[in-house]
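Order as written gives the chain letters A, B, C, D and E; numbering starts at 1 within each chain.
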Amino acid sequence: MILVDMFTMAAVGAGMFFFLAGTVGLLRFPDTLSRLHALTKADNLGFGFIVLGLLPQSPDVLSGLKLVVVWLLVQLAAATAGQLIAQFVGLERRRDPAA
Amino acid sequence: MIGTATVYGLCASGLVAIGLYGLVLHPTPLRKVIAFNLLGSGTFVLFGVAARRGGAAGFLADPVPQAMVITGIVVAFASTALAVALLLRLQETGASSIETTPPEQQDNGAS
Amino acid sequence: MIDFLYGAAALLLLLTGLGLARMMWGPAPADRMMAAQLLGTGGGAIALLIATASGITAIIDIALVLALLAAFAAVALTLGEPGTKQPDGQANP
Amino acid sequence: MTLLPDLALVLLILTAAVWTVAVRDRRDAVIGFIVVGLLLSLAWVRLNAVDVALTEAAIGGGATGLLLLRACARLVPRPAESVLPHPAMWILTGLLCSVIAAGLAAIVVMPVEPPATLAPEAAANMGELGLGNPVTVVLLAYRALDTLLEKVVLVLALIGVWTLTPEQFWGGAPASLRAQQSSGALRLLAQVLPPVGVVIGVYLVWNGADHPGGTFQGGTVLAAMWLLVMMADLREPPEIRLHTLRLLVILGPVVFLVAGFAGFWIANGFLSYPPAFAKPIIVIVEAALALSIAVILGMLVAGPAARAPR
Amino acid sequence: MMPAGYATSEGGALLVIAVMLPIVGMIAIFALGLRRAERIAFIILPGGLFIALAIAAEVARTGAAVTYVLGGWQPPLGIALQADGLSATLMVLTALILCAVGLFARGTFSTPPDMSEARRPMVFWTLMLGLWSALNTVFLGQDLFNLFVALELLTFSAVPLVCLDGRRETVQAALRYLLFALIGSVFYLLGAALLYGAYGTLDMAGLRLQAHYNPATSVALGLMIVGLMAKAALFPLHLWLPPAHAGAPAAASAVLSALVVKAPFFLILRLWFDVAPQPGNQLAAQMLAWLGIFSIVFCSIIALRQVRLKLMIAYSTVAQIGYLFLVFPLVMASDAPSAWQSIGWTGGVLQLVSHALAKASMFLAAGLIAEALGHDRIDNLNGAVTAVPISVAAFGLAGLSLMGLPPSGGFVAKLMLLTAATETANWWIVAAILVGGILAASYVFRVLGRAMAAPKIGFKTLAHIPLYRELVVLGLAISAVVLGFVPLQPFAFLGIGRVGLP
């Protein structure tokens, strides 16, 4: 039991670290595309580690399954949103090179 | 002693004030609609505070105000949709804000 | 354990909350949208942590809906005319 | 437990709200509003109102944001006209709003003892119906009339939006929701997500009888999936004269009305259910309502017809 | 929690049908091929009138309120509908006016033969029926949240009617109307949230038993009344009304002016006398009356200066609504044993009813005049009397009621209000009623003078108006006049089923 809890703490802690990294990147990086990169990292790794850490704590199989589905959906959303935002930035640059 | 519900009660009051301010002062309809939604959210949170305080009989929160909020959110969405459709139509017909020309100047047979 | 999870949720809220600053600074709509994106996924993670800590599994469904609609705002943004600033004459303090 | 996280959340919500109202650009304001919605769904979790949190997540994060962003995209960009309201005006308004907020705050910090609640009454009558989710019971049994009328409100809103169709386009299809630039990523998302989304939507409706969730949350998720498919240009919005569309719109209200009137014969009157069949009746009504809500919300976002019928 | 003790009475099911029948018709029109819109509406209209009359008869027969508890769930958990004398009266009024308007609109909103479906007929008839259901729910509802839903139903039916013809000004008016209505709804809902937080019930009877003076109650009722004032277009929140009511098609304007703005007033009345702790707040009553006085004087003057006929009538609506708000101090200061035995109360209700009939008739008459002449500029109405003589006559008869000249319902109503005001020494109200009457006379006679004048050379009518449409308008005007023959005393019927503290 203790071992499981320690695993959870470690994994959630790691997830928090990546969220921290993502937020810092979002705030500190100089241009939009590198900020986007940092954000995707937070979504992928941060969320992944938190789900990984919570999995052993889930009370029943359905909840565990839902956790995995949530993670998969976040991956998909992050990938798509990243692409779309990058495209959006590209379009914006082309239209208005000064920006 | 301030409880969790009270904290959100203050949140509700703040949202109401902010929404009302935007609703009164913004000249453009779209911004008014956004402000209306903030005002509505504040109102709903006020119901939520009553719900949370009313948790009893094995329920963590009183279900009656929760149901009212869900109904209210649906109605607020419908209002937003109608308002957006109206303001887009207004643009198509050539006006750009709700500052009307004085009605007296309109001149053609009504109905 | 429960305290740890609640603590983690609170910390995560603060972290993602900092992202709000990016929403305000901008400068491009894409930057603001990224902040919204971070709050969406962060909100999902917070919901998962609270669900596990409180034992109310229904809260996982909230994370599910948030994750399902996480990309929605970004998709909707591409409906817009890219690159056109659309000040609507509003200049409130 | 400490109140600090709650205070932080409230602070974030209010900051985002102030920014939403104060920012100049209207699209930025919409993004701000979406953020407020996301944060509010967490607030609803803290208020122990999981059903509402689900609704807020589906509506605030999905439907309303999409509706408003689409409006931004379709409104012509206008040069900034600096109509700064007169200082006296905004000071006065600010004062008025502060007074109202202070009044509300003064009332909410003094809770009544014992708390005013209908929870015990709601709990006492739940056994008869065999449903586990008290909010669903309130929505579909105790206050079924409100819910029924609210569905009529939705139908009327749709008619109201359709009224704005220019005469020559009546019966035609709404303007396309296609994205600015076709994108492989978007198309992929629109192919992968909807099957999952539909399962989740159905799950929310089904689960709503006994656990948080229900018709509106499930219906909104279904609508969101439909809209996604339309935005990825895999489907066009349907023509508003289509008979199937009309039938889907009224399916929910009709089933609800039939169940209501059936109460005159099989139970004690309008909108009452015989205890033995209460759960199946409510689940059928919920399913029909969810389908109608999905179609109505989708069509409300799509807007009035903008093309002549084929 | 004290159970309010509702019990379904014998004819209770009629109340459910009164609310649901229009909805059934609306859904049928929406689904069943819209070519049949008008035909379906003409099945529902007499049906609804019959139900309303049956409810009134039941109230009169039993001498008590008719009640229906939905699903058998006792309020405050569940919802009850209840018809007392006042709500039965208003339901009959609504049914009568809607039937008249339906007859008037017959043909103008029918589907052209070469189209499978047209926008205007479908929208007009569905919204009319939606409106009817909303009004009936407002009159019957006993639960403040149920009434919120009813008010929203009303808004969503009324707003699209304003911009039915899609002209720019009407879309603008509709948007403004919607925003005002939404602000009103949010204020109402805020008040409801506070009341629920304080008492754990939104059932009116339950609140009446529990409500006492405290900050929560006062703020809640204040917010709700302000919200409803915005919806009822009381000065200074009236700005949305004139463009909205003037822009709608005549049939819709008639319903909006005659009925829709009365629903929020009815709710203010109920909040004031059925929910608020008694005795009511003297200061608030005086304030409402003062706003009423401003409405009467200010908007009558503006009406006098209008160029277009429909806008003039719309401003006159705001002025006439002002009279309704005079009721509060008059009833409170009266020494009658209960509010509804005072002459001010009866006068107020009579003003509501007679204005509804007169204003519906006036808007319809204006519509016919505009159809016949092709415009509605007041200065150019010469010859209207030769084109549509009956409509001009109806306009004049309805005008009697607005001016408060005998014989008319408006005369009796204003006389009762005047009597109540002199009895209670509210001299400002006396002055306002007299000035309002003079101003109304000026704007009505200005129109009549033009309409009776000889036509200009080359005058021709643009459209032939079928006789039955003119007769409908005349019928409404005559009923407003006939109300003038009621006795000058409180009606017992209006007090049936009204409970409350002495």
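Methods note: contacts are C-beta pairs under 8 Å (C-beta built on N, C-alpha and C of every residue); 3 or more make two chains touch, one makes a residue touch a chain.
Given the structure is predicted, the values throughout are model-derived calculations rather than measurements.
A.B. asks: Can you list every chain in contact with both subunit D and subunit E?
C.D. replies: Chains that touch both subunit D and subunit E, as defined above, are B.
A.B. asks: Report the chain whose CA-based centre is farthest from the CA-based centre of subunit D.
C.D. replies: In terms of C-alpha centroids, the chain at the greatest distance from subunit D is E.
A.B. asks: Specify the chain pair with the maximum number of C-beta contact pairs.
C.D. replies: Greatest count of contact pairs is found between chains B-D.
A.B. asks: From the centre of subunit A, which chain's CA centre is farthest?
C.D. replies: Relative to subunit A, the chain with the farthest C-alpha centre is E.
A.B. asks: Indicate, using Cα centroids, the chain positioned nearest the centre of all protein chains shown.
C.D. replies: Per-chain C-alpha centroids ranked by distance to the global centroid put B first.
A.B. asks: Just the number, please: Cα centre separation of subunit C and subunit D in whole Å.
C.D. replies: Result: the chain centres lie 19 Å from each other.
A.B. asks: Could you work out how far the Cα centre of subunit A sits from that of subunit E, in whole Å?
C.D. replies: Computed value for the inter-centroid distance: 57 Å.
A.B. asks: Taking each chain's centre as the mean position of its Cα atoms, how many Å separate subunit C from subunit E?
C.D. replies: Computed from C-alpha means, the inter-chain centre distance equals 46 Å.
A.B. asks: Would you kindly tell me how far, in whole Å, the mean C-alpha position of subunit E lies from that of subunit B?
C.D. replies: Between these chains, centre-to-centre, one finds 25 Å.
A.B. asks: Two or more other chains touching the same residue: where does that happen in subunit E?
C.D. replies: 77, 145, 149, 152, 156, 159-160, 163, 166, 171, 190, 194, 196-197, 200
A.B. asks: Among the residues of subunit C, which are close enough to touch at least two other chains?
C.D. replies: Touching at least two other chains: 29, 33, 35, 40, 61, 64, 68, 70-71, 75, 77-78, 82, 88-90, 92.
A.B. asks: Show the residues in subunit A shared as contacts by 2 or more other chains, in ascending order.
C.D. replies: 69, 73, 76-77, 80, 84, 87, 91
A.B. asks: Flag every residue of subunit E that touches subunit D in the complex, lowest number first.
C.D. replies: By the definition above, subunit E touches subunit D via 1, 8, 12-13, 16, 20, 23-24, 26-27, 30-31, 68, 70-73, 76-79, 116-119, 122-123, 126-127, 130, 133, 137, 145-146, 149-150, 152-153, 156-157, 159-160, 163-164, 166, 171, 190, 194, 196-201, 215-216, 219.
A.B. asks: Would you tell me which residues of subunit E are touching subunit B in their complex?
C.D. replies: Contact set of subunit E toward subunit B: 77, 145, 148-149, 152, 155-156, 159-160, 163, 165-169, 171-176, 178-179, 182-183, 185-186, 189-190, 193-194, 196-197, 200, 242-243, 246-251, 253, 306-311, 366-367, 370-371, 373-377.
A.B. asks: For subunit A, which residues are in contact with subunit D within the complex?
C.D. replies: The contact residues of subunit A facing subunit D are 69, 73, 76-77, 79-80, 83-84, 87, 91.
A.B. asks: Write out the stretch or stretches of subunit B touching subunit D in their complex.
C.D. replies: Checking each residue of subunit B against subunit D gives 2-22, 24-28, 30-31, 33-35, 37-38, 41, 44-46, 48-64, 66-71, 73-75, 77-82, 84-89, 91-92, 96.
A.B. asks: Hey, which residues of subunit A end up touching subunit C in the complex?
C.D. replies: Within the complex, subunit A touches subunit C at residues 5, 8-9, 12-13, 15-16, 19-20, 22-23, 26-27, 32, 35-36, 39, 42-43, 46-47, 50-51, 54, 57-60, 62-63, 66-67, 69-71, 73-74, 76-78, 80-81, 84-85, 87-89, 91-92, 94-96, 99.
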